[in-house]
Structures are given as C-alpha cells and as structure tokens.
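Going in written order, the chains are labelled A, B, C, D, E and F, and every chain counts its residues from 1.
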C-alpha cells in the first residue's frame, strides 16, 4: 500500500467520490439502456403475436 | 454522405452499435489506466500526495465545459436542420456533463481543504463551475418537465442558446468580481515546464480516457433515448388507432 | 370571394396525425359546420387554421390577419368589467363597434359588472361579442354555443347570419344544432388519420414510429 | 324514499339573492332537470345543494354524505393517467367499480393516457365516470353533456337511467336535451328573486341595501 | 387520507410536479447571496446561519401555492370538501405532503449549502436539528396562508405577505439555535421554543386552515 | 401595443392584481434578514448592499409568473398570438408592464430598506442608480423564463431555477456598483457593464422569448 501521508483523507475521498459518481453514472446509463431495450422488445414481441 | 444519414435514427443505431465496443474499450483503458497510473505517481514536493487528485479533477473539469459546447452544437443542429437524433443527443449529454461538473467541484473542494484551508472559496474558477452546474440542472429540469418531446426539444434548444451566452457573461462577471486562488492553466504550451513529465503523461491518458468515456456514455444514452422515443411512438400510435 | 382554401391537409396532436387528406374551401357569405365524434380532431384543426400550430402536411391558403378565433377559453379577465374587456380587444384588433357588440349579445345591462361575476352563459356571450369587434372576415369558432340558453343561441345565430351577409365567413365545430340557416356541414369522420407512416416525419412520434 | 327536500329556499350569489321561494322534492328513482335562462342561478342552486355554500333562507333536507357533485371543472389532474385519476376518487369516496365506470363511459382504450392529453369531450366523460365511483345516491350535475357528442350523450343518459333504477336520484342543470326518459323538468324563471329586502340579512349586500 | 397523501406525492414526483425544485431554489439562493455580498469569507461566515434559515423559508414559501391552488382551479377541492374526509384531515395531509416534498429534501441538502456559505463546521448539526424541528411548522403555517388566498387569482405574492410574519418566530428561534451552536453556546432554550411553536402549529392550524378553505369555497 | 400596456397595468392595480406586493415582499425580506442574522450593525452593514440586491431580485422573481401564466390559462395568449401585433412586441410590452409594476416601486422604496439594513448613506444614490439600470434586464430575462415555462402547470419554481443563473451577471455588477459606491471607490466600470447587459437583454431576449412562446402555444 502506498503511503499517502497526511493528505490521505483528501486523496482517498477524492478518488472515492469521483469513482462513485462515475460508477453511478455508468450504472444508470447501462440500467436505463437495458430497461429501454427490454421494454421495446417486449412491446414488439407482443404486437407481433397480437 | 449527408449528416441526415447519421441523424436518421435507424442509421444512427447501426453505426453507433458498431462503434460502441471499440470506443468503450478505449474508454476503459484510458480511464482505468490514467487514473491508476496517476494514483501511483510519486508525491509532489509542495503539494504532497494531493497532486494525485489532478488526474480526476482536470479531465472532469475539461469535459464539463466541452460537454456544454457539444450540447450547444447539437441544439443548433436541431434548431436549424431539425435532426431529431441531435436533439436527443443533447438531452443525453446533459446528465453526463452535470456529473462531470460535480466531480470537478467535489474533487476541487476536497483539494481545497488541505491546500487553501477551506472547502469552498468564492474563487472565479470555482464560481463559474457552480454556475455551469446550475445551467446543467436547469436544462435537465426543463427537459423532464415538458411532456411533449417536440416542444421540449425546441424549448431546451432555446434555453441552451441563451444559457451559453449568459454562462460566458457570468464568467467575465465573476472574473471582475473576485481575484481568486486557483492556479492558471499549467498544461498550456507556454508554461510547459510547470508540470513535470511524471504527472503529465498519466494526465494526458486520463484526459483521453474521459473523452472516450463521454463518447461511450453519450452513444449509449442516445440509444436509450431513441428506444424510449420509439416505444412511446408505437404506444401512441396504438392508443390512437 | 375565397376566404379559405385547405388542400391535402393533415393536422397532428401530441405528435400524431389525427386528420389526414382533408380539403375544403370557404367563400365569403358561407358557413361551414364541422362535426364528428369526441376526439376526432376538430379543436386541433381549428387551431391549425387560426395559425396557432403548423399543419403536419398540406396547405392552408388564407389572407393574412383574416382569422378571428374563439375557443373554450374566452380570454376574459375576471377583474376587468365587461365593457373594459371588450374595449381592450377592440383596440388590439383596431376594430370598432364595441357598443354594437354589447347590444347584439344583450350584455348592455351587465356592461359595468366585473367579468368574474358572470354566469357561464353570460361569459360565453362576452366571448362571442369579442368576435364582432375584431373586424375580421373569417370566424373560427370552437363549440360556440356551449352553456348558452335557447334565447342566446338564437341571438348568436342571428349575429353569424349578419356577419355572413356582410361578406364574412364562419367555420364552426359543434355537437349541437346551431340553427344557422344555409350552413354547410362537414363530417370529419372519413378523414380520421390511417396511422400510415408519412414520407417526411414532422414530429418525434412520426420520426421514431 | 325521499332523498332531497327543499322548502322556501333562497340562494344568493355575490351577496345578492338570485332565487327565492323555491321548493321541490326528489325521491329515489327520480331525475329533475333544472332549466332557465343564463344567469338565473342554476349553478348557484346546485352548489348550495352540494353543501358548498349555505342557503340564504329556507331549508334543504338531505342525508349526510348523499351528494355527488360534478361541475364545469372536473377535478382531473392532467399529470395522472385516466385510470389513476379515477382510482384516486374511488379511494377517497370509499367507492368501488372503477373498472365498470371506465367501461360505462367508453374510456377503457384511454385508461393509460395522461388525462391532460384528452379532448374536451373525453375529459368530460372522465368527469362523469367519477360520479359512478362515488357510490352516492344523489347526483348533482351542472351542464353534464357539454362537449359530448351524440353517442356519448346517449351513453350518459343510459348511465343516469341505470343509476335511477338502482335507487339513486339526479338533479341536473342544462340548456340542451339530455334524453333521459321520465325526467321531470323545473323551470327556475318564476323563482327569480324580486329584490325585496329580506327579513334577516344574510350578507353585507343585504344588510346595507 | 392515505390515498390523498399518495396522490399528492405522486403528483409532486411526476414530470412538472416540482419535486426537488425547492432544493434547487435553496441552492441558487445560497449561491446568490455571496454574489451580492462579495466573496469575502469574513463577511459571509457571521451571516451564514441567518441566510440559510431565510433561504429554507423562502424555498418553502415558493412552493406553497401548490398546496391548494391547483386543486382549487380544477375543481378537486370542491370535490374533496364534499367527500367523506374531514376537511381538517385533508389539510393536514396536504401540509404533510408539502413537507415531505419540500422540507425533507431541504434538510438533507442543507450541509452542502452550509459549506457554500462558509458556515463553521461546528454549527452544522445544529442547523440540521433546527431545520428538522422547525420546517414542519413552516409547511403547516404555509398551508394556512394558502387556504386564505386560494380563491384569488395569482395570490402567490399576497400569500407571501400573509405568511412571512407568521414565520418570524420560527425563523428567529431556528436561526438562534444555529448561531448559538456555531458559537458553542447552549442552544437548548431556543430549541425548546422552536419545538413548542411547531407542536402548537401542528395541533391548531389545521382547524383555522380548513375554516378558511370552507369560506373560500362557498 | 399601448392598449396592452394599459390593460396589464390596470390588471395589476385591480384588486388581487398584486401591485405593490413586490415592494411588500422586499420589505419583509429586508426585515427578515436582521431577524436571521441578528441585529448587530457591524455584521449587517457590510452585507447590506448584497442583501438589498438579492431582495430586489427575489421580489422580481416572485411576480414573474404573472407575465404570461394568467393570459395562457384564460386563452388571452392564443388570441394575442393571432392579433395583428408582432408577438415580439407583445412580449416586450408585457416585460415593460412587469417592470413598471415591480421594478419601479422597488426602486422608489429602496432607500427605506437601505435604512432598515444599515446601508451607509453614501451608498444610497449608487443603490438607486444601479437598480434603475439593472432591473429592466431582470424583467426582460424573467419574461424569457416565463415564456419557457408557460405551458407547465405551476411552473413557478422551475422558472426560478431557469432564471436565476441568468440573473447572476446583473446581480454581480449591480451589487458591485453599490458596494464600491459605499466605499467611495470608482463605480463607473461595473455600471457600464451593467448597462451593457441590460441593453443587450432588451434588444435580443424578446426574440428568444417569443420563439419559446410560439412553441408553447402550438
């Protein structure tokens, strides 16, 4: 483990918050995309059958 | 090939689908590589380990501005040429820009605590970013408040134009209003010596990574919007029939 | 004299076409009554002709500043008196004859009453009086006789008749009998949009359907 | 069974009496249609019976929680879907049968549409469907068929008929024919207030006249 | 009652319903004051508790007209008054919905705005406690003001005028709690007063508000 | 055009029209801040110019929804759009009416509130000049925000969110003029900027606002 010295909190918190925000954004993007694709597919399947 | 080809939903879905894996791979390499490399760089003699924050802070800050510019261009294309996909792309970009702004603000605040002894200072750089964040919020709120997509696209387009002018004005106003503590652009060509190579290359890599990350997310989110619109259009046609 | 000509008209609401392939003309002295079930698109068509929304396809030919439009909402300010409301619209449209309009709609006794203190039918009458002060030849009316009693409906028919005789024209949507002699009727039911994809998308719903 | 009895009723609007000396009764299974020229006081009378304003004189006898009132404004939230709007009122009134009401008013196809995207007549139909989920015996309706097309007016008449047959009653103000078989009519013109000073002033305008 | 609460919350969350806009307004206000006052930290810190409380109060105020005005316009209020709910209950539920959609997000976001206004860190917990105790009174008093002005077209500004004086005691004690907390003095006394005001408002105002509503409906 | 101006002014003055409520709000805010901040003159005086400007801005903001919302609801806006006036002109006239009924009374009343907030007397003329030059831009930008949100039920809070960032340059320069005036420094530079923003807004915003209005009407 590298030594961050007395600024450990600032650095770790920055990376923590930054990565958490990025991760949240990526997750939201993928989840919304999957949701939209599923919704569209179910709809198209239903209207193909019906 | 005309722009309409790409702005046509079907064509856009095809092209973006083919591009996505490559762009996404580049984004992962750039972001993970840049940030990881950056995290392992040695401490700076003055700033200590806090210098590592720069690899998140600077790319995020640059993207925050670039994304607004991209939204402005997309809005103009929509207003002038009525390409529906470009309106959706502007809509899709806004949350990414807002998150980038938030990252720049948060890392800046965390950096400010050890460097300047305060979380927040009304420095012009920081202040203009706060204002930019407000513009993103307003833009997103307006999109989500209007149900009719045609009106929403037009109104947010107008807001983006007027907002850009006033974002620029605010920047000058803020510069006039306070001197500030924030460092200038040390990456620019003239002041090349200010940042040593140890930090410079990982920073370049992270910046490329963030750019590709934005492109990836933008493509996915635009595809999401297109699918949502398609579903809405199909449903609307069914209930009407 | 031709006041209005529509050809190959399609109008859309909520991004979807509701009416397609409609063509009709309206000459001076004519009245045309639009009919059709709820939701067929009468209101949408009238807004289109009034210039409040663009048509999705086709053409509408009419002289500039020819239309006076009256919808469900009458543009009446409750805090102003009946006479003040009317005088304002008269000035905006550069028209005259506010006094005559009050008389024609039997509103003279109520002229100084604040418009907010009118009953539903009285308010409607004020809304119709406004048409008379616009001085415009083509009246576009959406359900004009809603809330009117029998006597007022008669009076309204007379006013429209006089307008037609003076070289005007009227296009009206309604579900009930207006009692205007010589009015043509146009049922919109055959023009209900088929839902087929249009050649050039006009809205998000069309571009992505 | 007697659902409503009014005696010596006077109602006032803007502090002045508009109707005086009115008396009538309404039994289960009966429908009463109020008629009269614009501004006579139909809306005012109905609000009084719905309990929204007190009568200026006389008495109104009815069971508590017996009235379902429907006015020009339908209490419809444009952001909620048709089904959600109806379900809300069903829960508030502890009533059931939202599905049946949707069917009766031919709104099933529109159930998931936001109510803001309905045409004038469709909105009205939703407002009338609300009555059916209240489960209340006495319907008090102000111009219920405004904006309805012929088919919907018929459907409305059937719904009212069924309500009457089920032991309910209906009091309605209108200017047009409702087509409800066996409905009594009551013209309010003879009850127009004379303007004589009342024995006991009910408002500022009366106390100082 | 529950149906009403759920409907009001759902309406607030739906597009255009304005959920979260209270917070946005609070944010903007906290950002504006420094623009007016200047970037100097020495000038800002002492006024921060006061400004934050005034900001919370204004954010609350701006969303008050949602409580009844829309329901009045579209006739829902007439129908609610004839429904088998006690009107007092409906008023209380609507105030509660207002608090959940405005007060609560405000409280969650307050620490952030404290940072912007250079509020001393020691004062932060006191700010949150005082908002938690005080904002329910703001929603309830606001419902009263909204009930008084519901018949008037665009009564918003008039309502502000009526409500703001009612807010003054809450504001004084709330800001006092935060200020004393910031300076490390005992903040218990103003906190008790604040709680007292809130409890009193919650117990009594529904009756006054529903009486006002009944007058406006007739 | 003149008819429209007269009608708007008359509507504002009529009962319930809200004339003077802007001033009342300004008064209440100026009164609230000392309650929140504490009565200490040393704390108040330096922040007074900023608070006064923020107060003027909020008072302006709160009355913005009057510009178009009522006319949209009752259908007047549809009729105005089909009337022989250019819509840009109608927008400008309505913004002017808003300024006359809100900005002007505010300017007249400002010295009074300056006293309440312990504003140094030397700053008074600068306060008035800066308000006189800056508030027209506030009304015009507000008309733009109102035009964007006019179709939305209760768009008030959303409109605040859209409009406030647009107000920031005006606020900064306006408060700067007053502050420099108070300290006896040269205030000409910010005053020129302020005037520039106002002139630019007056020249260009009517077009943006009427474009937004047309979209919302269709």
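The rule we apply is simple: a contact is a pair of C-beta atoms (placed from the backbone, for glycine too) under 8 Å apart; a residue touches a chain by one contact, two chains touch by 3 or more.
The model shown is predicted, which means the values in this text are computed figures rather than measured ones.
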Remove subunit B from the picture; does the complex fall into separate groups, and which? A | C, D, E, F
What is the set of chains touching both subunit A and subunit E? B
Same residues or different residues where subunit C meets subunit D? The copies count as same if more than half of the interface numbers are shared. same
Compare the CA centroid of subunit E with every other chain's and tell me the farthest one. C
Between the pairs B-C and B-F, the one where more C-beta pairs touch: B-F
Subunit B and subunit E have mean C-alpha positions lying a whole-number Å distance apart equal to 34
Here the gap between subunit A and subunit D, centre to centre from mean Cα coordinates and rounded to Å, is 53
Centroid of subunit B to centroid of subunit D, CA atoms only: how many Å? 56
Quick one: which residues in subunit D touch 2 or more of the other chains? 72, 79
Among the residues of subunit F, which ones contact at least 2 other chains? 16, 152-153, 155, 158, 161, 164-165, 168, 172, 218
Multi-partner residues of subunit A (at least 2 other chains): none
Touching subunit B in the complex, subunit E uses residues 15-16, 21, 24, 27-28, 31, 34-35, 38-39, 41, 115-116, 118
Can you list the subunit D residues touching subunit C in their complex? 14, 36-39, 43, 72, 117-122, 125, 143, 146-153, 175-176
For the subunit C and subunit F complex, residues of the former touching the latter: 47, 50-54, 65, 67-69, 71-77, 79-80, 84, 88-89, 91-94, 130
Sort out for me which residues of subunit C touch subunit B in the complex. 14-16, 18, 193, 195, 201, 203-209
Mind listing the subunit E positions that touch subunit D in their complex? 3-4, 7, 10-11, 14-17, 71, 73-76, 78-85, 217-218
